[in-house]
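What follows is a set of structures to go through.
One chain, chain A, appears in both complexes that follow, with chain B as partner in the first and chain C in the second.
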Partner chain A sequence: MGRLSPFQKIYLFLIAGFILGPFLPLIIQSFAFRWAWPDLLPGTWWLEQREKSPIPLAWDYVLSPYSRIWEATLNTVLIGGIVTAICLAICLPAAKVLARDRFRGKSLLEFGLSLPLIVPETAIGIALLMMFIRLGLAGTYTGIIIAHLIPTIPYMIRMLTSVWQGLGREFEEQAMILGASRWQVLRLVTLPMLMPGVVAGALFSFLVSTNIFLLTFLLGQGKIVTLPTLLFSKISGGQIDATGAGIALIVTVPGIAMLLISERFLREEAFGQGFGN
Partner chain B sequence: MKRTVALAGLLTLTTAPLALAQDAAAFRDAFLAGETGWPAVEARARDEGEVNFYYWGGSDLLNVWVDSMAVPALATKGVTLNPIRITSTKDVVDVILAEKAAGKRLGDGSVDVLWVNGENFATLKVQDGLFGSFAQLLPTSANIEWNAEDPRSLLNLRDFGVETGGAEMPWSGEQYVCAYNGDTVEEDALPATFDQLKAYLTENPGRFTYVKPPHYLGNTFVQQAVYAFNPDGTGAEPFQQNRDDIAPEELARLIAPGLEYLKSLEPLLLNGSDSGARYPEDPAAIDGMFLNGEVDFNCKFGIYAVSTGLSTGTYPEAAREFIFPEKGMIKNKNYLAIPANAPNPAAALVLVDWMTTVDAQATKLEATGFPAGIDGWTLELSDRAALESASPGLIALTEEDLEANAVPDTNATLVDVIEAVWLDYIERDSTEGIEALVQRAYETLGQ
Partner chain C sequence: MPPTTSPDARARLWRAAQLAPVLSVLVLLFGGALVLALAQSLGFAPWFGVNTFPDPSYFGSLWGSADFWVSLGLTLAYALAATGLALILGTALALALVRAFRGQRLYKYIYKLPLMIPYTVGIALAVLMLGNGGMVSRLAAFVGLIDSPGEFPRILNTHYGWGIIAVYVWKQTPFVALSVYAVLLGIGRDTSEAAAILGANRRQIFWRVTLPQILPGIVSAALICFAFNVGAFEAPFILGGGYPDTLPVVAWRYFNDADYTLQIQGMAVVVSIALVAGLILFAWLALYRWQERRMGRR
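Here is the complex of A and B:
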């Protein structure tokens, strides 16, 4: 690794500014009481008004049960986790078949699996809503989880198919020749080798699920609040006040946490330990 | 033995809600016929155990009040209040009607109580989506003026000109009030009429805008202009009629001058001279423009909007209220309605009854700045005093000023027409005449 040239440094700086820059005004806004044009910084800060105000302001509101932020975070993580688990259970075997077997109509099936990504979410949402109301699934966790599987499965299938394709049969055959049972092969050879791909796929579908707004909004009917729907109802007017900014910042937390966890996991578990011995 | 007990327990668990749903219709019929005493309603509400309250969740102040006051109050009555914050009331009306179409009857829908008024109530009423005429059967209905001979009862009996028929209970009363920024506007330069507003904007182009129809705040501004330029000089009067009672040609004649005025105002609005007038989409957006000094005035429903705006930092410090337009500030109420397929009808009645108590109304007014929906003159003196002392206070205006300039809303069926014509004539710059546009709106809406 050589040192970075000045050009590379500037380039990195610009990229970092592009990604992190928008957070700066959000952070400032979340501590503001009154921040009006053309002031560069808030004219009145939240802490100055904190004692005088009869109601919780800014972070006091965001972190209180009134804002519903804890409920929304819990719902988002719970739904994201369950969706990811179901998605994996469906996609791991399906991807194996798609990667290793040949059968009639395979390319048509592969194309069909991507269709949910092409059909507009609104169309899916409205149609599902009509069906779910009839079935009593509207406004339930089950309904939302089913809906979230629609956009996550196509991504997961694609990622896992290429993971399976990258995994030759030789390792599994080798283990079998040496006397391993099917279960041992799966547990000690196949899964550890698939692990980096599975983690990447799981991370991706978790992030997709936690960011789905429209389907959750339509099918949750306001009863089930997740971080994206909470944020929408707070800032849909195009005006971000202190509580809106605070909520927007919290909405980014699950994604960041997930990235950090998976980063660690990919580095230590899969490659650090090697294949279980 | 143990197993049978467990089985019996399971059976009662699963059959109890079913039984409640089945006799919900019988409960409704008996209650609406006045045969059910209030204690029986409260007892049934305890059995139902919960109530789903759907309301616009865009106000932090109201959210705090519902969670900290209404939820504990209902808990003392053995009912769990589930506050469900929504962004658009119309979406919930659609859900109610979709559930109804899917065969969900009283006892098995999802919405128990909905905060509503105007077109959304009219839609529910026309589509037969309401529980029935319950309002005057509640104990706290004594806090509301129902006597039709008293002109002050109008806002309780009619919602945007549509008869409420007791299917919704007044919850809050509002008036369309404008605020100005004292840092940028001299008090003696304040406009009092639409012509003066135009003169002010000719001097100071771009310093005003209004919320875009079809948002009700925009519709209301347009209605006020239409009243002011009514060619017969009869103001709001002809607009109380139902669409079926007024011919399109006649309506076109009445609204044309107001819409012409708004069209001529457009180049003077915010950004009007260069990229085309900018209309904010909702109250949060116009509050932002007002706070940032992009505009000098902020017109919306909000008798105490300046007071609450100052306490939350969403209004500039020099914000004050003023009278605009003279003799033409629309006043209305908003209501709590119970849908025809409410899952917990008795608990819904208990909630609406509590919402109409002096205690609920006074704490709501104090905490949120939403004016009371009950009528002060029906109350005992001590209650009236409690309500008055809860008021956050008017900034630069008096109650008498507001009362002297109050006018009623436009009939909900005509609001639809005026809104459609505004969208065609002003937003889409249609070159057709207003009469043709009114005609078309009648045809589209009549379908």
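Here is the complex of A and C:
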């Protein structure tokens, strides 16, 4: 293993600062009551004013039902969960075919399944909204869930295909030769071997779904709020106050949780599979 | 022998059945949306009481206006600048990540954080850092460069798009790094070690050995980032310089107009965005194939 050059060491520090640095003022902002320019720290902290204020301040507000944060969190998790389940169900058989079979038009099919990665969100979102308005799906959970399938499918297919590739036919055939029934093969051989990849794919598509803003924003019609759309409505004026900062931090929490568990399950190789090669 | 009883045909049928669910979702949603957008942009909108299909006038008036081309230029410029920066920063990051260093485990958690959270958080951070009353402006005052927020040069809400580009780069550098890192893990160190033994220096190893091997990963990551940037809405909406907006914001504004002719015009914008993305994809893939052939890979 090569070592880092001095330049690379500095570079790693700079990138870490670029990525994490802005979170420090975000945290400070969420606790600020008065933070006048050009102070580097707030003049008055939120907690100092808490007892005096008749209205809920910053974190009191963020954690209260008025901010809709709990509603948004629940919606985000609910939609993400259902999208993941449906995505898994429809991608699992397709990924098996892609991993094991050779047939004409396969590369075209793979290309088509990657297409959602490069079709602009706005184009598909606005056109879908027109369609869903006619179908009565605009502003419904069903509409949002269906729309979320589009960006989650490509990643799920990639991850599941690589799992199926790792699980050769031999294992199942061995089990059958040894007298296992089809059901036993599925339960005792196929599923346990698929499990790590299924968990990874599910985590990732959950992550993608919870991060989607535009499709939810367009198809939710303001009736259904999720964490990204809630934050958007808070900062769409181009300003951010203490409550906005608090909401931004809450919106970050699921991502941090995913980060902590993903290291065990996510396969970095899944990102290395290219496009059109 | 009738085709349905041959094992080959049955296998094919079974294969089609397994592919059908995911394909039907994509074909219905993608195809449906695409056909509808195209039809409406060409004047088919019976729900507004309009049906002049095929009517190229919506495209005519859109493409005939100078503002459309300015919007397209801005959209492409922001997308290109951000993709280019993310590619360079991300590739350099990946090259550092494959080396051994202390705290590597922790670092691998840290750098992926932007991947895991929505763009809206990045936008909130940009507002907080780069706004006129933001942290960078406070730091500038702290070191005595400026005396009032008004003296701070506007970074956000200008047509230079620094804020938009900053958010894209912040979010996509980790994505590029992860993609390239995965490829680097895949190719291992054999070839670069061989080159080193044969006397190549670090620079030669990078340009002659490593880069050609990771190019496919870089290309696909770039494509995904660029296409996303072309179609992104929230960052230019909040951090952009206002009229003329980028194309996705234009489409959204048209779409929310009470005037239905503008709504139809909005569909022409949507189709234009899709066309741009399609053209870029096509050109990029053609270039990539040509490059591969030139290097004798296929």
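Just so we're on the same page, the second predicted complex is superposed on the first by the 236 of 277 C-alpha atoms of A that agree within 3 Å, B and C clash if a C-alpha of one lies under 4 Å from a C-alpha of the other, contacts with A are read in each partner's own complex, and residues count from 1 in each chain.
Keep this in mind: a residue touches a chain if its C-beta (ideal position, glycine included) is under 8 Å from a C-beta of that chain, and two chains touch if they have at least 3 such contacts.
Keep in mind the model is a prediction, meaning the values are calculated, not measured.
By the touch criterion stated above, A:19 is placed in contact with chain C alone, chain B being left untouched. Between chain B and chain C, C touches the greater number of residues of chain A.
In the superposition on chain A, contact is made by A:112 with chain C only, not with chain B. Of the two partner chains, chain B is the only one that A:138 touches; chain C does not reach it. Of the two partner chains placed around the shared chain by superposition, chain B is the only one that A:57 touches, whereas chain C remains out of contact. In the superposition on chain A, A:197 makes contact with neither chain B nor chain C. With both structures placed on the common chain, the touch criterion links A:221 to chain B but leaves chain C unconnected. In the superposed model, A:238 makes contact with both chain B and chain C. Contacts of A:246 after superposition: neither chain B nor chain C is touched. Of the two partner chains, both chain B and chain C are touched by A:37. In the superposition on chain A, the residues of chain A touched by chain B in one structure and by chain C in the other are 37, 129-130, 134, 232, 236, 238-239. Residue ranges on chain A touching chain B, taken from their complex, read 32-34, 36-37, 44, 49, 53-57, 61, 65-68, 129-130, 133-134, 138-139, 221-223, 225, 232-233, 236-239, 241-243.
Taken in their complex, chain C has these residues touching chain A: 12, 15, 17-19, 21-23, 25-26, 29-30, 32-34, 36-37, 40, 47, 89, 92-93, 95-96, 99-101, 107-114, 116-121, 123-129, 131, 133, 135, 137-139, 141-142, 149, 156-157, 170, 173-175, 178-179, 181-183, 185-186, 189, 202, 216-217, 219-221, 223-224, 227-228, 230-234, 237-239, 247-248, 251-252, 255, 266-267, 270-271, 273-274, 277, 281, 285, 288-289, 292. Contact residues of chain A toward chain C in the complex are 1-5, 8-9, 11-12, 15-16, 18-20, 22-23, 25-26, 29, 37-40, 89-91, 93-94, 96-97, 101, 103, 109, 112-113, 115-131, 134, 146-147, 149-150, 153, 157, 207, 210-214, 217, 227-228, 231-232, 235-236, 238-240, 244-245, 248, 251-252, 254-256, 258-260, 262-263, 268-277. Contact residues of chain B toward chain A in the complex are 52, 54, 57-58, 60-61, 63-64, 67-68, 82, 84-87, 92, 95, 98-99, 102-104, 110, 280-285, 287-288, 291-294, 311-314, 316-317, 367.
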